[in-house]
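I have a structure I would like to understand better, so I am pasting it below and will then ask my questions one at a time.
Chains here go by letter, A, B, C and D, matching the order in which they are written, and residues are numbered from 1 within each.
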Amino acid sequence: MRTITYAQGIKEALEEEMRRDPTVVLYGEDVAHFGGIFRITSGLQEEFGEERVFDTPISENAFVGAAVGAAITGLRPVVELQFADFLFTTGDEIILKAGMWRYVHGGAYKVPMVVRCPSGAAGVGPEHGQCPEAFFMHSPGLRIVSPATPADAKGLLKSAIRDDNPVLYFEHKLLYATKGEIPDDPDYLVPLGKAAIRQEGDALTLVAISAMVPKAMKVAERLAKEGHNIEVIDPRSLNPFDRPAIIESVKKTGKIVVAEESYKTLGVGAEIGAMLMEEALEYLDRPLRRVAMPDVPIPTAAALEQFVLPNEEKIYQACRELLN
Amino acid sequence: MDKKLKLDIYKKIVLSRRLEERIAELIKAGQVGGFMHPGVGQEALQVAAIATLRSDDYMLYAHRGVAYWVARGIPIQSVLCDLSGREGGTNRGKGGVMHVVSPELGVLGESGTLGGCFPIAAGAGMSIKVKHEDKVVLCFFGDGTSNRGTFHESLNFCAVRKLPVVFLCENNGWAVSVPTEQSTSVKDIADRRHGYGVPGKTFDGNDVEQVYDAVSEAVAHARAGNGPSLLEGKTYRLWGHWIGDPDTYRTREEVEKHWRRDPLPAYELKLMEEKVLTDAARAEIDKDARAQIDRAIAFMEKQPFMKGETALEDLYA
Amino acid sequence: MRTITYAQGIKEALEEEMRRDPTVVLYGEDVAHFGGIFRITSGLQEEFGEERVFDTPISENAFVGAAVGAAITGLRPVVELQFADFLFTTGDEIILKAGMWRYVHGGAYKVPMVVRCPSGAAGVGPEHGQCPEAFFMHSPGLRIVSPATPADAKGLLKSAIRDDNPVLYFEHKLLYATKGEIPDDPDYLVPLGKAAIRQEGDALTLVAISAMVPKAMKVAERLAKEGHNIEVIDPRSLNPFDRPAIIESVKKTGKIVVAEESYKTLGVGAEIGAMLMEEALEYLDRPLRRVAMPDVPIPTAAALEQFVLPNEEKIYQACRELLN
Amino acid sequence: MDKKLKLDIYKKIVLSRRLEERIAELIKAGQVGGFMHPGVGQEALQVAAIATLRSDDYMLYAHRGVAYWVARGIPIQSVLCDLSGREGGTNRGKGGVMHVVSPELGVLGESGTLGGCFPIAAGAGMSIKVKHEDKVVLCFFGDGTSNRGTFHESLNFCAVRKLPVVFLCENNGWAVSVPTEQSTSVKDIADRRHGYGVPGKTFDGNDVEQVYDAVSEAVAHARAGNGPSLLEGKTYRLWGHWIGDPDTYRTREEVEKHWRRDPLPAYELKLMEEKVLTDAARAEIDKDARAQIDRAIAFMEKQPFMKGETALEDLYA
């Protein structure tokens, strides 16, 4: 076991997969010489050369769409968007091209590509701070992952690169510097579609996504001290989505809180609620609680951002409400 | 262009024309559905351009007609099965005639949203470059489509990375009901190359030799590692935008005028003058085309419809 | 009362509002001379001139984004997209510009604009046949309407044009030719955010959206003959979303089926399910049933399209299951 | 350009420069947050261009610096309140310094996604035309941003509809760490006008008179109903991309070379030579700028922070 940061986990995954497979290429704005605005990719151009690691023009349509063209002709492109929000500038390329090229052409092609999307509110306002996973979870053909720990950041990115489908990989900006343990295994992979039970318990199920996971763990600790053993589930991947893990947990606990940084209406919590109403209604003894962004854009000023962001206290209160 | 090539192009133009005529009949008779945009009048441009490609090159066709597939050698019976949603098509009922595909022939497919093709072409060019291959990508698009932002982003991207992509505009004067001069800020779309510092030219897209020469040159340029080109063939859409288009937006005189420039009889005449084609050969080629189509339709009609539940297949690899 | 078609309802709304208010302009591809590919706008250029009704280049980013620029400088643009699916080519313009321009600038501007989006599967495949309402329902700042009847098509479009917020107006292609009654009142408005109870009942709540409404009414008829009086709710507007109408109904019926043409995962039904789990859990005596598109793109071939599309029979079966 | 105008431009350049220096100090000291992209070195271009506008014209600024707002007359204390999330700003804590706005002054705001500005500018142009006004729209953007698809779509849209929009590129040689020549397929971005058949030119963006003349001409062209122009001023970003940028991607020699072309001392010298400015006046102007800034900071510091719950306001009208 080693201790690494989340940012390092991403970088190691890129390095290892690029060494392993010459068809993996990496590009985006400022990723090559500068090493990316979040400095994840520094040194990669030196190691892999200008053809495999390069800077692009500010042309999100072209370079995200190009990943589809490259993927169907034999590469495994990894594209870095500077901010996850820029996915919206490439709606056609992501949703209708990456997500559907294989299907509309009757399975003739595989589309192995990864789009790295730095997500999360960090004082940068509504166009640089969203967690837009839920938009894309509604769209067929895409894989979606949102790692919360350094080990998952690495293991899921390696799996994403090896996957034959387009993967949106959401890396939360406020997690980059967080640390965690990771096995030494150079082929450490985390499978897509498998939730992690971060803590077992039977008092309540707390589903937490991405940066909400560390907050959820603190809430679990606090509640443990108060005598409530809650279960914390980190779905890690939103497509495929490990529905059974959540359903099984709720059958045991009868109570659920979902904590996420997406907008509340039709956020991931909506799907979880509806799914439970379909498949576990008789086990539910308390109402659903969704701790999410209210349905407003993310304001820039710190006080306003703090007001809208889900945080430890809000998650704690939601859990307490159900436990009372 | 040697005689064999000329005849081959001619045959493919004839086959495309006859096939579209039959497809129009089938659609009008309600025998097949399908969202078909006919290419009648543009076949010379399409067939001659594709004739410049090597068998391992890539191409992205536009939404206009069947000639791209005929030219590249996709069996017409498969196209008909795509059109009618039967087994034996290229995309298993998923994409219909909008998404005919052939990985073996380098036919990458189509974007149903106009302009979606440009980034895909750029990406194929990128993979050629990374793999140190000497293939090229030929990307067709319409005059109207040249106004999509993806055009600009992809031209620039290919230019700065010197990717082997030939962008070929079929300027047929119209985008559905909107004439090109009303929607497009330049008379010659190939002039947009000045925004990207890439070579290119405008030529008569109904003239097989002009097309073949211009595209050959651009393909050679790309294959030699010198990057993209922007070409434009002037042509005309002789039929409506789709089969069933009331076509109320242009005058009959205008359409008539262009029928007199129909590339099929024009090329026929030229090949006759050049003694590449005789009256007898011409009749033979026509007969053969019709026979091929009859066989293909007979094949299609015997194919079972795709089963509904296959809708759930082919999404993830 | 007159009888008009849904298409006529749209056209009358456009004509009346353009006559009433000279700042209303209408544009899109082929809308002017040709009258639109669905022939909704024929004759409008003759009446209102080339400056107020015009054809655009095939430049969805420019002309949808231009609606935002026009709206904040005093016009009320109505934009026609040829197919609702093309919204994805304008993700930035719709979600980050139209939806957020007012908010990020602290309320300095109003953004009164309407984007008309012909939706719905009609043999035209995955890129011309979607009902993408749910994507945009997740996004703050937008209004979303999906009329199901000629009267609502007209009354909601008139309200949308008068509204000071950006409205995505989803008009279902297969409803254009349907007929219905409409009051003669030249100022007939249907307010945004008010659901219509299409049929009252207490056996079950059936929420149906857009083209699902006529199918739901047939199901209601059939069930009535079998002795079950169900309530059919047409939300009509998805933002604002008339949550109380659904909650009240479910408190009475205890059972709910949602019928929609969006993809199932995170479709509108997901929000409804989650909302009920939050606010009406104790009233629910049967699981939620969502009749929606399975999570695949819309295939082109008729047999495949029929297989995936929600239809009367599927809705009927879902209701029957809950009523048994 | 008369003396008054020259002095006015000079004062605004000085005020902008001094303000950014102070903002950088405040940010580095952790006294304010904010996502600030400094414009040091580009103020001549920004201020002189805006000086050509009439008070009822519209403008869309880019993300680079404070000079746009200073030039247009937005009170600097409001900008500081936006920067620090306090009451008294222009956008109530919502958009920070990325979205400074003034409907009264025709400052329409900013798109945080690059290229989002172009369609907004086109739309403002459209409304001018429909309302038969004789206003114009001035739209700033960076060299890197000229590679977004919205640039192409909007230029074409404005060209075919003859909309009164002046597109002004601030070519500062870099987009974050990527040099323009590596991302952009033309040397002079104004050359892209050939793809749209619109007038325009490339000029020295650090030379106040060249900027003023070129933009005046384009504004007059637009105001007369003749449609858009595409202009490009060559300039240089003397500081990092953002405050805190390690700026490891360019050589110190390159940056040094451009400091020698800094438009502020250059314009100062010119105005002294022309006797528009004296040593005493210069000192006075500098002192006055600093005093204004001191007052504005004092104002800001007394303003309460915006209340958290106001986050829920201002979404719907």
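Following the convention adopted for this analysis, a residue touches a chain if its C-beta (ideal position, glycine included) is under 8 Å from a C-beta of that chain, and two chains touch if they have at least 3 such contacts.
Please read these numbers as outputs of a predicted model, since none were measured by experiment.
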- Item | More contacts between chains, A-B or A-D | A-B
- Item | Reference subunit C; chain at largest CA-centroid distance | D
- Item | Centre-to-centre distance between subunit D and subunit A (centres being mean Cα positions), rounded to whole Å | 36
- Query: Distance-wise, how many Å sit between the C-alpha centres of subunit B and subunit D, to the nearest whole number?
  - Reply: 45
- Could you give the separation in Å between the centres of subunit C and subunit D, each centre being the mean of its C-alpha atoms? 40
- Message: Quick check: what residues of subunit C touch more than one other chain, meaning two or more?
- Response: 56-57, 59-62, 85, 88-89, 92, 96, 103-104, 125-127, 140-141, 296-297, 299-300
- Shared interface positions of subunit D, touching two or more other chains: 93-95, 98-99, 111-113, 115, 147-150, 153, 156-157, 160, 182-184, 315
- Query: Quick one: do these chains touch in a line, a ring, a star, all-to-all (complete), or other?
  - Reply: complete
- Query: In the complex formed with subunit B, which residues of subunit A make contact?
  - Reply: 23, 25, 51-52, 54, 56-57, 59-75, 77, 92-93, 96-97, 101-112, 140-141, 143, 164-165
- Message: If we count contacts the way the header does, which residues on subunit A are in touch with subunit C in the complex?
- Response: 85, 87-92, 95-96, 99-100, 103-104, 125-127, 134-135, 137-141, 239, 241, 262-263, 265-279, 281, 284, 286-290, 295-297, 299-300
- Item | Residues of subunit D that touch subunit C when the two form their complex | 58, 89-95, 98-99, 101-103, 108-109, 111-113, 115-116, 118-131, 149-150, 153-154, 156-157, 160-161, 313-317
- Message: Under the stated contact criterion, what part of subunit A meets subunit D in this complex?
- Response: 29-30, 33-34, 37, 55-62, 85-86, 88-89, 123-128, 294, 296-297, 299-308
- Message: Please output the residues of subunit D touching subunit A within their complex, sorted ascending.
- Response: 33-35, 85-86, 93-96, 98-99, 111-115, 144-145, 147-149, 175-178, 182-184, 248-249, 305-312, 315
